[in-house]
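Here come two complexes built around chain A, the first alongside chain B, the second alongside chain C.
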Partner chain A sequence: MGEFFEFKNIEKYYGATHVVKNVSFGVRCGEIFSLLGPSGCGKTTMLRIAGGFETPESGEVFLDSVNITSLAPNKRKINTVFQNYALFPHMNIWDNIAFGPRTAGLPESEVAKKVECMLDIIRLGGHGSRMPDTISGGQKQRVAIARALINNPKLLLLDEPLAALDLKLRQYMLLELDRIHDEVGTTFIYVTHDQGEAMSLSDRIAVMNGGVIEQIGTPAEIYENPRTKFVASFIGDTNFFDGKISGQIDGETCRISMDELGEFPSYNEHKLSNGAKVTVSIRPEKFRIFGSRAEAEGLNALEAEVIDVVYQGAQTRYWVLANGHRINVLSQHNRCYLDSKQPTWGDKVWIAWHRDDVTTIPFESPR
Partner chain B sequence: MNGFQTQTGARAAYNGRKLSEYLLTAPSFLWLTLFFAIPSVLVFAIAFRTADPSGGIDAGWTLASVESVLKNAYLGVLWRTVWVSCAVTAICLALGIPVGYWIALQNPKYRYWLLLVVIIPLWTNFLIRIFAWRVLLHPDGFLRQSLVALGIVPDDVFFLNNIGAVIVVTVYTCLPFAILPIYAAAEKFDFSLLEAARDLGASRFCAFRRIFLPGIRRGIFTATLVVLIPALGSYAIPDLVGGVDGEMLGNKIAAKASAYRNLPEAAALAAFLSIIITLPVLLFLLKQKRIIRSVVAARRSAGDSTK
Partner chain C sequence: MRTRYTSLIVALFVMAFMYLPIVTLIAQSFNASRYGGRWMGFSLKWYEALFRDSAVINATVNTLAIACAATIFSTILGTCAAWALNKYRRSKLQSVHYALVYAPLIVPDVLMGISLLLLFVSMKVQLGMLTVIIAHITFCVSFVTFTVLARLQDFDFNILNAAQDLGAGNFRIFAKILLPLLGPGIAAGAMMAFTLSMDDFVVTFFVGGPGSTTLPVKVYSMMKHGAPAIINALSVVFMALTFTVAIIGQFCTKRKF
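Up next, the complex of A and B:
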């Protein structure tokens, strides 16, 4: 199946540092695709390769089935929104946005029409004569997007576009980005280290670490079913347990003996066979807290002692100790929080989870 | 009542601040008055005095010197002075901009060494460097002899004592002063803007011209001024390597003052040169002021009082 935009076996070195290691993936037409990873994972390098600012040592880049690997940045139907916006400081907003079409040699009347249209889309109509250093960060961000989109790119690259904005503005700009994407329908590749941004904006996410893609999937797939320990820990919070497959129950379920904690029936997605070492990941919100074993009927359960309680309004985070393991439990508040008795420091409780809420990751030897 | 008091209080504070500003600037103001303004006025004044045959100034006022300066005899020298200075400035910019751009792009570790290389020639005395050029360009010098021997240059071409020598040596002397302000501006330039321009469809050259050059325009203005003004007033270089054809206004002034012993006419020429130099600077400053005012106005209209 031909992807709209595709990386094939990309390798990139900076000096002796191997920053991108044989990366291949495709982006579908019209989607918002996020490259998510910690700083230094190679995600920005991938973006710069897509934009034509870096040449890979080997591998190919395809846009709409055309090999663009050696094409100069100005010859690609790809535009970039840079992290620091990179607005031209000596030009006003209007001239900044008009830069692309003017460079392409469009007649001034047509340029004017397009710029007006873009100013409307980013809701900055009437601000065309302002200079970049007289507008706010959020406005600069929108101008940078308009300046890129006015060229009708087949692909828009966004390099940590919200990193420089404060929290409130970031949330607002996320909605704006989504709205602009709906309005223009361009394919977006969005680079970020912020899992929250990636989760709320993307159709699909590629999680990168150490120059390789760890997993590609929808936000829900990535969160609910992480393939690697890195993905499980980078996206959201989780609890890890080391274990071993100790028996099979049916095709989908197995028994896992988890360290000193005991043996529990667990979902076995990878169909691992007996004796295989595994890492078990259980998200904090998958646990429920009960006062007695009887209440946890039909669930896996562990006896534990509450060692810390952090009330967070909509939820409470508990730290419990079970046989030497500190476990992070997140409890969503339901109705009548104040009227019901809540676990507190030193309480003996049972933490319970469903066998299907377990992610079993084949054991990785430490890299 | 209360409001009135506050107002007078504010006025007093304002006046106090004004006074301290005056006091702070007084020493430099005094310096400029004593050593720049008064001498300039003297030069302008002497231009209207009569000449004393022994080389001094005589009593009485006359327009003779000014008329003599405005006579055709000087127009040739004036024209040469202007075009040579403009050519020198253009060449210095043409060399200085790429050099400044290139140095700014280097690893900061090496930049200072490169700047040092630019500055090192200035450690040698100006006159000694010009004499070195005389040796280099001399008809019997190594350079011309070998070029003639190799057949690259015909035997009747001379490097020394012509206007070409003046241009070459002046460019050599002024180039560091052009490179430094251009480098200073280029060093602050955000090179990711060039990537942004390339991304938006600009060729390398187009990005350089439309983004880099405007981005370092202040450096270019400064370089233009620090090259053009000394070039317009140059005296030693045309005197030593220019020969008869390479004479410039500065040499005429020197000749009037020393050889002809006609101080008023020398003063008139000097005043004339000052006016020629001042005009472009004044235009430039006015333009600067307009730019600053428009930026301030734009910021004010944006409701941004912080910057």
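Up next, the complex of A and C:
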């Protein structure tokens, strides 16, 4: 145990559809934990099970070591920020936020104190008398957060809270969420399909797909060391190659023979033995582009031809053709850009990568 | 400026078209002349005659009693129907339900009246207050259903989850969320049912029996037996009643948020 909030072997069906397949994971006290996945992966269902709005077919839910599986939503010390805010349209901001403590039967003087405090935290002091339909999306979002936090929940659930906001506001609200989290210290479970949100906000991320957890880890672990092909492709861009282990160099390193690139030494994280089929993932920014083989000293390198160049300001995205395969390469402009000669269409170049920047994923038979 | 005058003139013309007959009626009800036409001076004598006429008093009581009963039952049934139509709106069966509830809105009153009469007669039900109430419920239900349904369709059911999430039990959710948000819609539906029931002539004429004469039916029979001046007064009283209810209904539908 030791986990603050825990799902144990959760199974959930909607009719004949198996939406959550034996999912177990724990959330630590005080962290921001993201459930990341494409729509229909079961992440919102998990959140609704945590909130008590869905009952799992089997499995248990623990909060602070207490089994809350069969507890009604209004009896849980868990509050939710709903996707479309779900503010009460007939109450002003103040009454919306005060709904929780009033329901709990607190005296009105104490309710007032708590509401004022929450209005300060969400920086909407003095807006208490506004009606929900007269404030902006970002403000509604903050009111929904305040309304959910005022009861001092042990756990706050956020269901795609920024999905309805435009890009600028979304970036601002991410910072706001982080600030509010720092201020109140509540444990957050954050459901999103946006990898950028999950990466910048979370302490840990669980990547969900097709009703199962593919991987749990810190944003860096998930990005740098994806365990499955799905995780590697869902988070960030990558290049996939098919291959098999063709020899061992030492305990850490092996030779991988890739159908597309040929045979190269690579880090053998999973200690796979010769003949094992693997999927190899190399992220675009792990490749470097050189004019000659000599410059790529100590790296794996392959001759290629530049077929497309997309200048993006901070970086340039190249498409190169190596052994007849298109490879996506991302080059950061961390040195003087205009003065040096840059590769362009049709150039013969060498693409190089370090053996440790290769992620090997044991071959998955199609599910 | 030109357009403003044009629209004012058009508006006045439309108003005159719609309300001149009513204004004439009201004026005539205060005319001392028995047959209208010439203005013989202001008089309240037709109203006095009206309030001495026990048959008229009786018809008023009947009208209000029938309207009350029809309103109560059709509001309950209509609200339930709207709830079901909204909740299970994706099911095939509900589209049949929808069509069935919608039908009375487009079926001519005469057909409704005849078919109900045939039904009552074949079932050997004594025509009277009861049959009139049942007949009124059948068409009022549709109006209540569609008024409430409109309210339900833009009701965000997530807020019920939100209220529960914030600790509210069923009673508190009903009192603080459902009632304030849906109450006005239901009340508007009820007011509509009330005015429709009060106004109805055709259906009532077919399914009514001895002792169930309502105001519209009474006006009709008085037309046949003379005394037009009293009819004017009666119509004004009747109209005042209908308007009162309609205005209350309008007030209820107005969104306060």
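One rule holds in what follows: the second predicted complex is superposed on the first by the 365 of 367 C-alpha atoms of A that agree within 3 Å, B and C clash if a C-alpha of one lies under 4 Å from a C-alpha of the other, contacts with A are read in each partner's own complex, and residues count from 1 in each chain.
Keep in mind that, in the parts below, contacts are C-beta pairs under 8 Å (C-beta built on N, C-alpha and C of every residue); 3 or more make two chains touch, one makes a residue touch a chain.
Remember, it's a predicted structure, so these values are computed and weren't measured experimentally.
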> Sharing chain A, do chain B and chain C clash or fit in the superposition?
Replying inline: clash
> Looking at the overlay, what does A:F88 touch: chain B (first), chain C (second), both, or neither?
Replying inline: both
> Regarding the shared-chain residue A:H354, is it in contact with chain B (first), chain C (second), both, or neither?
Replying inline: neither
> After superposition on the shared chain, which partner residues are touched by A:N74: those of chain B (first), chain C (second), both, or neither?
Replying inline: both
> Where does A:A148 make contact in the superposed view: on chain B (first), on chain C (second), on both, or on neither?
Replying inline: both
>> Looking at A:G51 after the superposition, I want to know if it touches chain B, chain C, both of them or none. Which is it: first, second, both, neither?
In response: both
> Just chain B (first), just chain C (second), both, or neither: which does A:I135 touch?
Replying inline: first
> So which chain B segment collides with chain C once the two are superposed: 76-84, 94-102 or 148-156?
Replying inline: 94-102
> Once the complexes are superposed, what residues of chain A are shared between the chain B interface and the chain C interface?
Replying inline: 51, 53, 72-74, 78-80, 82, 84, 86, 88-90, 99-100, 103-104, 131, 133, 147-148, 151
>> Under the stated contact criterion, what part of chain A meets chain B in this complex?
In response: 51-53, 72-74, 78-80, 82, 84, 86, 88-90, 99-100, 103-104, 129-131, 133-135, 147-148, 151
> Across the complex, what residues on chain B touch chain A?
Replying inline: 190, 192-193, 195-203, 206, 210-211, 214-215, 217, 295, 298-299, 302, 304, 307
> Where on chain C is chain A touching in the complex?
Replying inline: 156, 158-159, 161-169, 172, 176-177, 180-181, 256-257
>> So in the complex, the part of chain A that touches chain C is made up of which residues?
In response: 51, 53, 72-74, 78-80, 82-84, 86-90, 99-100, 103-104, 131, 133, 147-148, 151
